[in-house]
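Paired with chain B in one complex and with chain C in the other, chain A is shared by the two complexes that follow.
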Partner chain A sequence: MVKKLGVYICSGCGIGDSLDTEKLAKVATRESKIPLCKVHPFLCGAEGAGIIRKDLADGAVNTVVIAACSPRVKTDVFVTGQEACPTLLERVNIREHVAWSHTAKDEDTGMLAADYLRMGIAKARKCEPLEPVSETISKKLLVVGGGITGVTAALAAAEAGYEAVLVEKQPQLGGFVATLKKRFPAAAPYAEPTADGFPEQVQAATYHSKIQVFTSARILKTAGQPGMFDVTIETPAATTEVRVGAIVMATGWKPYDASKLPHLGYGVSPDVITNVDFERMASAGNIARPSDGKPAASVLFVQCAGSRDKDHLPYCSSVCCLATLKHATYIREQNPEALVYIVYKDMRTPGLHERFYRAAQDHPLNFLTKGEVTSVGSAPDGKLAVTVGQTLIGESIELRVDLVVLATGMVPVSADGILNLTYRQGPDLPVLKHGFPDSHFVCFPYETRRTGIYAAGAVRAPMDSVRAGEDGLGAAMKAIQSVELAARGQAVHPRAGDTSFPSFFMQRCTQCKRCTEECPFGALDEDEKGTPKPNPYRCRRCGICLGACPERIVSFKNYSVDMVASMIKAIEVPEEDEEKPRVLVFMCENDAYPALDVAGFQRLRYDPGVRVIPLRCLGSLNIVWIADALSRGIDGVMLIGCKFGDDYQCHFIRGSELADRRMENVKETLQRLQLESERLELTQLAINEYGKLPELINGFMERIRKMGPNPYKGL
Partner chain B sequence: MTAGKPILVLGGGIAGMTAAIEAAEAGCEVVLIEKAPYLGGRVARTHLYFPKLCPPACGLEVNFKRLRNSSRIKILTQAELVELSGSAGDYAATVKIAPRYVTSACTMCGACADLCPAQRPDEFNYGLSKTKAAYLPFAMAFPDTYVIDRPSCKEACTACADACKYGAVDLSQTERRETLQVAAVVAATGWAPYDAARIDGLGYGRFKNVITNAIMERLAAPNGPTGGKIVRPSDGKAPREVVFVQCAGSRDENHLPYCSTVCCAASLKQAAYVRAQHPDSKVAIFYIDVRTSGRLEDFYASVAADPNIGLIKGKVAKVEEDAATGDLVVRAEDVLHGKQIALHADLVVLATGIVPQTQGLPAGFTVDDYGFVGNGKAGLYPAGCARRPEEVSASVEDATGAALRAFQCVVRSAHHG
Partner chain C sequence: MNAQLIQPDVSFIREVRAAGGSDLKKCFQCATCSVVCDLSPDDAPFPRKQMIAAQWGLKDQLLCDPAIWLCHNCGSCTTQCPRGARPGDVMAALRQLAIRNFAFPGFMGRLVANPKALPVLFLVPALVLLAIILWVPKGPATPELEFANLFPVVAVEALFFTVSTLAAIAFLVGVIRYLKALRMCCPGILLNFPPVSAEIVTHERFAQCNTNQGVRWGHFLVLWGFLGLASVGTTIGIGTMAGILRTPLPWGSALKILANVCAAGVLTGAVILIRERTVNQARRAASTYFDWLFLGTLTAVVFTGILLQFFRLAQVAYLMYPVYFVHLVLTLALLLYAPYSKFAHLAYRTVAMASTEPWKPKRKPRRLSEQGAKHCVDFYS
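Right after this comes the complex of A and B.
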């Protein structure tokens, strides 16, 4: 495409009071030789936007540079994308980042605006229009696990018109919930356990015309990418390959291994059983002592048996308290005179189950106490002797009971050959903590590091059966969305709708494997030599591969090493004797950049010597840019990205952390060049810390001034 | 997918926004209505999320970006559903939209607020601060358009309209109604904090230094009334001894008979705010049970490891004030040691619970004794804290599931309709 650039400068919102916009226009017309440059006092108004539209319609321009407000606002007026603006659009932020945050009519403010315009023009010149990519996308879903989560997911997808393949390792669907005698109270007044309609759901899934069920089945292999996963399913009868577009992993949980709890009597006596054993016994219809088959007239429940315990499961399984209260009702049904003891750390019956808890508490033959079971042994009378310490009455007590039930927790079934992904980064969905492939993001609980694959139910996080079923719905929604976005050639969260794809100039690849190792989403596989094999539909468009590549072979049509390099080159670096240091700031466009916008909105002031370049993610920072900047005489480089570490906030998981790691290498290079390593600084900033930005920037500028000019200036 | 009728989402908090965005990205048309002039609801007023202690603005920014980028979502703020008729796949919803008095021509330049002579209590900060009558709800607000609070204006004043160079202020706007044909409705109308003044003995509303957990969020937030400084309302001094009262009006048949699920983790989080800001402070948390389910256990353990944060099992009976100093005495039972104790406090934070905001939902939605919405008529689905008390991530899960149920109605109506 032959580019015809048009530059439009807005003088509204105080921009015209702060800057000489006619002088700024000359940056476009004289310096950059762009004939078409218009200044308007209200560019986002009907007239202003109309001028741009007319120039586009007339064919006078096909690439638009708008120097006005932040690219985060007025996106409905200055539209990119196919229909409204079949063209390239570059926004230059001379409002929030210039006019609103720097001294009006000041020389430095003018220089800042001019540089931003130069950078925007340079970028617009390098941008290429996106080409729509279209592949044949399967919209069928694979649901792994036929318990309540998987059955609900498959049915919900089918009811929304999507075909589903449901794979279950057992000979029948239903999972753990199908074995329950009753479930927790599920509707107001939340007082009684319920027998509900899950068996009907299982039947519906089994016979649904849009659901293909594989039982006694396992997945030998999952290859491909969203929209094009090829899954090999093995059953005793046959091995089948199916193509699906997205995957819900609902493989559930298994009980914690009680044999690790001998201190609670498990294995010491057959009359010490788990809550899962107890449920099974109650479902079978007779609650009795396994040792002699006699009725259990007194039962003691040990809560958190192997849970909330650093030596066992460090987390809370969130269902065991309610399960025990439910089990107490089973006992009561069979024997109204039975004694029930419940020893807990905290009774966790969150939400609407308070009255269920209260009813159990109020029963005269139920004894609930905070405490800690310290030993369980056999008593001479054939009963079990249980010692409970740290009770509410402050002392240790011994109880004689017929049966002890250990309320053991949930262990996710998340690893060991579930999906058998053929990914370079491993066969399983990455786990977050304690084996749960849960999302790390509070606001995005279905966020996943394997695009198009969503964990749901108790494998994702400990949860009860109602939540697990609902979680199946949510995950099915995300899976449907992922195939629909793939069909449109668009990225999923967090860059939903992005139609850019990375391309790789393989001739120059040195098989260093950095990109295949660093991609947070496992998008890149490798051939035997180590050459990356991109799977574009797994890609989330963060550009971390672009940042990782020392040969600079990765680029997007609208985001590339060359593009940013040309923006850096566009910055005018004053001579040493002008005493105007220049600092380049790379900012994460998701958090730090909006924070700087807010600083502008609040009219906070900071040093005008900085030039900001937003990056898709700080992890997409290619270190060549730092070399480019310093070799041009730029005095320092700041990197501002999201917080990293255990509680990372990076939307692309490890972007800012990877950038930080790269900095270590750059600092060594700087030392070799005899440049102070302090000319480079990486800061972690949360989006709400906009108030800190002026101090942060000014502090760095101050240190740079003290260090003196970059000796490479003017060379 | 086949284009069909839109989904109507009631409520632009985290649950409603999520339902709208998730459905739209899957291909549905969506109308999202919100009664406030801004989206984000309660999370926008939250300083940090537990357990990561990360700012909600980070996720809101992503969601606002998704909203900006989606051509499938129509957003109506200051809007309420007034009438609903029909059945699944074919509902007619009448929406009442209050005037904003500022059009989409607003550039956020702020000239209207600069020249506005009137003030209003800022509900965003629970009335702890004021804004001009022409105001932007908060710095990162979406829609990014100012609002004029007409009842707060000075009589016959047109200063804002005169100040606006862009013709964006239109004081002639009036309430309007719009009837929408929709396939399904998701009720994500959210929650409000329980009115702590109704709890006898804890002093809220009588003693200045007794605040609620909702107010603590605003005190700690950099965009709050104190610029993020946690101080005593009575004298602006830094508190040295802070007491949290769990289940303030919750798990209590006289108030909220249920557990609001989030208050334990919220107080642990707020204890961390206090300790981070005032290193010489001490915190005590009175609880019945510490309910930090699932992975939150790690967060509980990390906060409880601070030797200056004490957790005491026991219910608070009474809070007393020394009127001269504003200092407080918290009288409570220490259950584990079987004794009555009295603790001095500079600041008392009541962990008040979640009250569903479901009044005024049209017939067809079923509301239970507690006020939460259950499953109603086909095509009407609840989500988030209107449905049950839950934390943010659970609300988002719930809303994503509700989006799918609504999506099913769209598909069915497109096929049959």
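Right after this comes the complex of A and C.
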């Protein structure tokens, strides 16, 4: 394609007051020899957009560079792939990052805008039109687990018109909820347990024309990628292979193993049972001491039995307190005069279930105290003697009871060879340290590190049955999005709609396996030699492979090593005697870049010596860019990305962490070149920390000035 | 430390709920009550701990706890409680149960606390007085209408001395029982009365409850007015029995003036207290039968007493004698039931306050056992 660039500069929103736009236009026309460059006072208005559209229609232009506001705004007007700009669009941010955050009519401000325009033009010259992949996509969903989450997910998908395959390991659907005597209060006034399970939904799912149910089943193998997963399901009757587009993982939970809790008396006496045992006993109809079958006239519940305990489950399962309150009502039904003791660390009854807590607490024969159970033994009268320390009543108290119930927590059923993925990175979903699938609970629940596979219900996070049902619904929606986007060749969250794909120049691949190891989503499989085998539908377009590759063979049509390198080359580096240091800032475009936009909205000022290049993810940073920048005489390089570690905020899970790891190597290289390693700095920034950015940038510039100019300047 | 065996007293929980602490179980131990309370001492704060002890039915621990008497029921805790557990009401209920528990004889405690027994409470003194009218021989009628024409002075005075003595004995036994309980909970506890007397004179603790200013002066007037009336009554009683004085006293006599000043004081104080209990929403909700029985009887005694004087002055027989009868019934009831009604707080609160006043003994207290002292510290902190 013969590139015909057109540059459009907007002078609205105060840009014209801050910059000499005519002079800026000369950067395009004189320096870059672009014949078509127009300045308009209101480019996003009907007239401005109309001018661009007309130029495109006339064939005068096929690649558009817009120097105006941030690419994060006015995306409804300036759109690639739409009528206004059918081919290529590059946006240069001279509003938030220049006009709004630097001194008006200042020489440095002008230089900043000119550099950004040069960089934008450089990138636009290298961009190629995108060609979305298109293959036959299955829109059928696989739901793993026939509990309340899975049944709700399958029904939701079916009702929305998508076929679903429901796989359950038990002989019947229903899961744990179907075995319950009662459920937690589900409607106002939230004071009484709900009587029913969810038999209607189970029936509806069993007989739905769009749902295929496999019971007593297990998954032998899951191969392929979103839109074309091939799943082998084994039942006692047959082994079936189905093709599905996306997967909802609703495998639920199992109770924490109480045999690890001998200090709470489990195993010491048959009269010490778990809350799951108790539920079963109550469902069967008689609450009695297992040892002698006598009715339990006094029952003590130990909350957080093995929960919020660093030696067992360090987290709160959020349901055990409610389960205990519900169990107290079971006891009451059988014997109104029974004594119920509840020893808790904290009573946690999320949301409106606080009302259930109040109702249970108000009963005169329910006794609650904060405390730590220190021992459970036998009392002379055949009862259990429970000592509780640090109570609200006294330092140490002893209670004599008939039955002790340990309120144990939820353990996710996640990594037990369920999906048996044929991925290079392993058969299971990657999990966090407590076994929950790795996803971000605030920013992107349901997403796992395997594209097209969504975790829902108690496997994702401990939750009650109502929330699990909602979760099933949410995950079904995500799965539907996933197959629909796949059908259009588009990426899912967080680059939803992106049609670019990485391509690999295999002739130069050295089989170092860095890309296949580092891809957070397991998108790349390998052949026997270690050559990567891309699965484009698994890809989330973060570019981490591009950053990882030492041979620089990975590139997107609109994002490549070469493109960023040309942007770096486009920066005019002043001579040493001008005393105008230049600092290149690689910014994560998910959080840090918008934060800098907000700094612009707030008219915060920072040093105009910085040149910002947004990256899809800091993990897509190829270290060659740093060498490029420093060898061109740029005085320092900042990397600003998302927070990493246990509470990571990286949208691609490990991008910023990988970038940080690569920095260690780069710093060694710098030392060999006799450059101060302090010329390179990586900072973690959250999106709300825009207020810190000016200080961060100015501080770095200050240190660079003290260090003196880059000795490679002008070489 | 050995674990303390806890066995909830279920009937006690139900009693507390019936006696005005019906919201007691709502407490979730946030301790807002102890924080907002102006009287709660830093080293042994209340009423948070009393709330859970009551929820758990720890009767023995609570009844001997001086903290329940340190509360002056300003209601701050009840107003501020985020759960609506009304700790102030629970404390009042605990005081009522303490009075009932230490009552001698025990059935009297239960009788006075029972609203259904109200007619009996007043019927008994009425019948006794009726018997006196009917069967005790009277002296010759005086030309002017006088109360002695209805009741012979000697008989009335003898009756009041008997009743006062009975009440005093009941009080004594009750206080001894309370002290025993105190010593059980906190062996070696010592009583320090002088600071308490100062407190009674000034009502300083009431002043510390900044939401309680009206109650402070109401209570001050009622208490001192009542003590004045009680001493005038005793003096007149002894005087008439000894033949030194003769009723009715002349209008200008010092005793008469003192009596009227005190009566006016009690009436003013009582009106303030009644107003507090009716106008103030929180306090109205907190007022129980037990509160009203005492406050009502006391007010009625003074009110009928003042009324009597006017009727005697006006020499209206058909008003003067019935009101006198009612006045005597009420006064008898007040005295007779003093050890079992809210009146009894006079004794228990004084002792409780004396037991918590800091005391710096020169030598080691005699009966202080180490374990007991430790328990006490644990309990109060």
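Details
Just so it is clear, the second predicted complex is superposed on the first by the 703 of 715 C-alpha atoms of A that agree within 3 Å, B and C clash if a C-alpha of one lies under 4 Å from a C-alpha of the other, contacts with A are read in each partner's own complex, and residues count from 1 in each chain.
In this section, a contact is a pair of C-beta atoms (placed from the backbone, for glycine too) under 8 Å apart; a residue touches a chain by one contact, two chains touch by 3 or more.
Quick caveat: nothing in here was measured; it's all calculated off a predicted structure.
On the shared subunit chain A, the superposed partners chain B and chain C overlap sterically. Of the two partner chains placed by superposition, A:714 touches none, neither chain B nor chain C.
Of the two partner chains placed by the overlay, only chain B lies in contact with A:13; chain C stays clear of it.
Taking chain A as the reference, the larger set of touched residues comes from B, when chain B and chain C are compared.
In the overlay built on the shared chain, the residue A:339 is in contact with chain C alone; chain B does not reach it. Judged by the touch definition given at the top, the superposed model places A:362 against chain C, while chain B stays out of reach. Once chain A of one complex is fitted onto chain A of the other, the partner contacts of A:426 are absent, as it touches neither chain B nor chain C. By the touch criterion defined above, A:395 lies against chain C but remains apart from chain B after alignment on the C-alpha atoms of chain A. Residue contacts after overlaying the shared chain place A:530 against neither chain B nor chain C. Of the two partner chains placed around the shared chain by superposition, chain B is the only one that A:443 touches, whereas chain C remains out of contact.
Of the two partner chains placed around the shared chain by superposition, neither chain B nor chain C is touched by A:267.
Superposing the two complexes on chain A places one of the chain C stretches 27-35, 153-161 or 189-197 into chain B: stretch 27-35. Chain A residues in contact with chain B (one complex) as well as with chain C (other complex) are 347, 370, 392-394. Chain B makes touch with chain A in their complex at residues 1, 14, 22-23, 25-27, 43, 47, 49, 51-63, 65-66, 68-70, 104-105, 107-110, 139-140, 144, 165-167, 221-223, 227-228, 251, 257-261, 289-298, 301, 313, 335-338, 368-370, 372, 374, 388-390, 392-394, 396-398, 400-405, 407-408, 411, 415.
Of all residues in chain A, those touching chain B in their complex are 12-14, 41-42, 44-45, 69, 72-76, 156, 159-161, 187-189, 308, 314-318, 346-355, 370, 390, 392-394, 433-434, 436, 438-446, 461-463, 467, 470-474, 476-478, 480-481, 484-485, 492-494, 496-497, 590-591, 594, 598, 601-602, 642-643, 647, 649, 651, 686-691.
Chain contact summary for the complex, chain A toward chain C: residues 337, 339, 347, 358, 361-370, 387-388, 392-400.
Those residues of chain C that touch chain A in the complex are listed here as 1-8, 10, 13-14, 17, 25-26, 28-29, 49, 52-53, 55-56, 58, 83, 378-379.
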